[in-house]
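Below: the structure, in structure tokens.
All chains are identified by letter, namely A, B, C and D, in their written order; residue positions are counted from 1 within each chain.
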Amino acid sequence: MIDKSVPTLKEAVADLFDGAAIMIGGFGEAGVPAELIDAVVDHGAGDLTIISNNAGTGDVGIAALIKANKVRKIVASYPRMAGSIYFEERYRAGELELELVPQGNMACRIQAAGSGLGAVFTPTGYGTMLAEGKETREIDGKHYVLEYPIHADFALIKAYKSDRWGNLTYRKAARNFGPIMAMAGKKTIVQVEEIDPLGTIDPEVVVTPGIFVDRVVCVPHKTKAAA
Amino acid sequence: MIDKSVPTLKEAVADLFDGAAIMIGGFGEAGVPAELIDAVVDHGAGDLTIISNNAGTGDVGIAALIKANKVRKIVASYPRMAGSIYFEERYRAGELELELVPQGNMACRIQAAGSGLGAVFTPTGYGTMLAEGKETREIDGKHYVLEYPIHADFALIKAYKSDRWGNLTYRKAARNFGPIMAMAGKKTIVQVEEIDPLGTIDPEVVVTPGIFVDRVVCVPHKTKAAA
Amino acid sequence: MQRMSSDALAARVAKDIPEGAYVNLGIGLPTRIANYLEAGGDYFLHSENGILGMGPTPPDEEIDWDLINAGKQPVTLLAGGCFFHHGDSFSMMRGGHIDICVLGAYQVSEKGDLANWHTGAPDAIPAVGGAMDLAIGAKQVFVMMNLLSKSGESKLVKECTYPLTGLACVSRVYSDLAVFDLGPDGARVTEMVEGVTLDKLRELTGLDLKLAD
Amino acid sequence: MQRMSSDALAARVAKDIPEGAYVNLGIGLPTRIANYLEAGGDYFLHSENGILGMGPTPPDEEIDWDLINAGKQPVTLLAGGCFFHHGDSFSMMRGGHIDICVLGAYQVSEKGDLANWHTGAPDAIPAVGGAMDLAIGAKQVFVMMNLLSKSGESKLVKECTYPLTGLACVSRVYSDLAVFDLGPDGARVTEMVEGVTLDKLRELTGLDLKLAD
């Protein structure tokens, strides 16, 4: 019997290692696997490359990783949000490398990694400083930039429901980067609100098939106060 | 009020034209929009390029289009099935051009068209006769072939349920090429078994968002005798 | 010379958005356009974080932090709306499926180049988000802005001096003083606020503006 | 010299598929392997037309023509199975998510080149299906075949003469006479059917075969 669920957050991230590249899902706070990130902080692995749309705010999540000096490089489209103090501080001090990627190129480079493509010609960013030094090509009268896959050793994502085979559904706009990062991570680790018996998730509504999922840990939903 | 449903198959395909490139969904017989293809035959447009995994069998579907001499070119991965007599006949007579594409390259070229990518480097087919004359590149020690998007003037697909905004769900393995062709067709025309009131399809389970759908026509399910 | 208020400008842009359009309204002022779309009409608002059919801001007690827009503000979903992942969402943009995108700008060139993501300040921490994807993907990209910056310089320019977001991507600028169609031949004025003249606009922008036919 | 039957060969391949593996069984003989996977174990069968968790053939009265495998035969879905579109399905293959793929072959070279889609006959109507995607995508590609063709020629060869499906993609060949590991240094024999010798295999194949360590 295959059961991808693990009982604790600690076990879920046990095989992280120094120097790992880690994708972290979420857009703003929706879909951020907050408890898994806490477990990464507790684990203590350092010299990390973090691939995530945002770079965290305040003292929690990715910001806590940065504060603890565990992050060498960030690949993001929008690292700077109100309250991204630790990111700003380390970046200005030259202690944190930033690869700034247009959000849609980030999405399609993650998809290229998950889909086994070697590179893609995308129109986004052509003629801008984010394409400087990159190969370009005119195809059918339109200009494109060659972009390479973003691979990761781990993908940490938050979903809604799972079963023991790792089939996932998501909740509203918390879906965002989850499904594509699940496909791109060499190991994909998921926190879910519920783990349901096999066969109770309708096969038509599975968003991420279990083939893309290595480990699932249940973190029940906490009601969040309105900001 | 926007209502993408049209009352008849004839109206659904009214704007086809000679020389059009048409994607047709389906794998084997699952997901083949049979009644829409009949409507294409009735419409009479010719000199067509058909992009479809198979080339039809017997006297129906794509085979009927070929029999009626309406097809100039087929883009397919597996045109030859038992009973593909008209395809074989016209192909051998040199009256039908065939572009043979590995099935996964067909899928990712259709996705590239729907996603606005200019070209992709795919590993499939490298070193084979289906990559002859194509640009290749070694990336991180692996060999890739450069493949271009497959665009289409129309995509004809079969789905299960729709609403008046064109949101679609599919049924089992009849999903196959439907969602990706819907994204690639300049005009996407869908036959569905039911058109349900807006809001009755759970927003989490929509497989093809209505943005990819131009017209929907209801063709109730006929019970099919086992073959 | 009377300037249009932001709300009047939002209402003006809304007039050019037909029912049935798939529309992405950029973060900031453009989101206000939603308030002026014809009541009862079917308009499809897209948010790049994976929503089609976005509805208005919910009352406080119905806020769901899993249902936010690209500006990270709580929104609602209309009946007939749906969710999808970031890959599909940006395919909608890059693939030309969005009819109209309305963005703010630091500068727009008369040929339609857009600068709206980076002030060019050497110590600025860069953040681009979906700006470049939105700029190049929609069938039509509209910019909504005040014609002059706070310091009085024209934001409609011959060539952008700020870092570019996209090349030749903006088709129309709705400003507080006039509406401009942009293209390879430069900017053409299609509407002016009462009291504004072509000469005045030429003076303010320093451009060889023409009236649209 | 005793040859393994197709069923015995299917059972032999099944022994090397661990529980929990994501497996694509090619059209034809390889589909028979499913019958020999350990009963009660969780094996994930993938079908490139958009199914994971494929179950056995249904009884006639439960046939659903919307639920077919890549060979267009009716199948069932296990509890925990799911459906997805062709894009995602081939991403599973091309992206290296399938652990094992078992294919038939016309020829396999000692370095692992595969020829299984085209006989090379000049008047043949070509059809490739998913063969090339399967050949290059899975973590391990196994070939299951009789060692000799009907006319008695070895199908394990120095260089394929039939049109290739993929280069250096096959890691192991399960044949009716022996099992071979393939790689840049050529083919190594890991198992032989009773009564078969290394010399006999060398004679049949014309290859400088070695025994595995």
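Just a few scattered comments:
We adopt the following convention: a residue touches a chain if its C-beta (ideal position, glycine included) is under 8 Å from a C-beta of that chain, and two chains touch if they have at least 3 such contacts.
Computed from a predicted model, the values in this text were never measured in an experiment.
Across B-D and B-C, it is B-D that has more C-beta pairs touching.
Subunit C has its Cα centroid 29 Å from the Cα centroid of subunit A. For the pair subunit C and subunit D, the distance between mean C-alpha positions equals 54 Å. Averaged Cα coordinates give subunit B a centre that lies 35 Å from the centre of subunit C. Residue positions of subunit D touching 2 or more other chains, listed in rising order: 77, 83-84, 90, 93-94, 137. Under the contact definition stated at the top, the residues of subunit A that touch 2 or more other chains are 108, 111, 115-117, 122-123, 170-172, 203-204, 207.
Pairwise chain contacts in this structure: A-B, A-C, A-D, B-C, B-D.
Of all the residues in subunit B, the ones that touch subunit A in their complex are 108, 112, 115-123, 137, 139-140, 142, 144, 148, 169-172, 202-205, 207.
The residues of subunit A lying in touch with subunit D in their complex are 1-2, 111, 113-117, 163-165, 167, 183, 198-199, 201, 203-204, 206, 209-212.
Per the touch definition, subunit C reaches subunit A in the complex via residues 47-51, 60, 63-68, 72, 77, 83-87, 89-90, 93-94, 118, 123, 125-133, 136-137, 163-167.
Subunit D makes touch with subunit A in their complex at residues 19-20, 22, 40-42, 44, 46, 52-53, 77, 79-84, 88, 90-98, 137.
On the side of subunit B, the complex with subunit D involves touching residues 27-31, 77-81, 87-88, 91-92, 98, 100-105, 107-108, 110-111, 122-130, 143, 170-180, 207, 224, 226-227.
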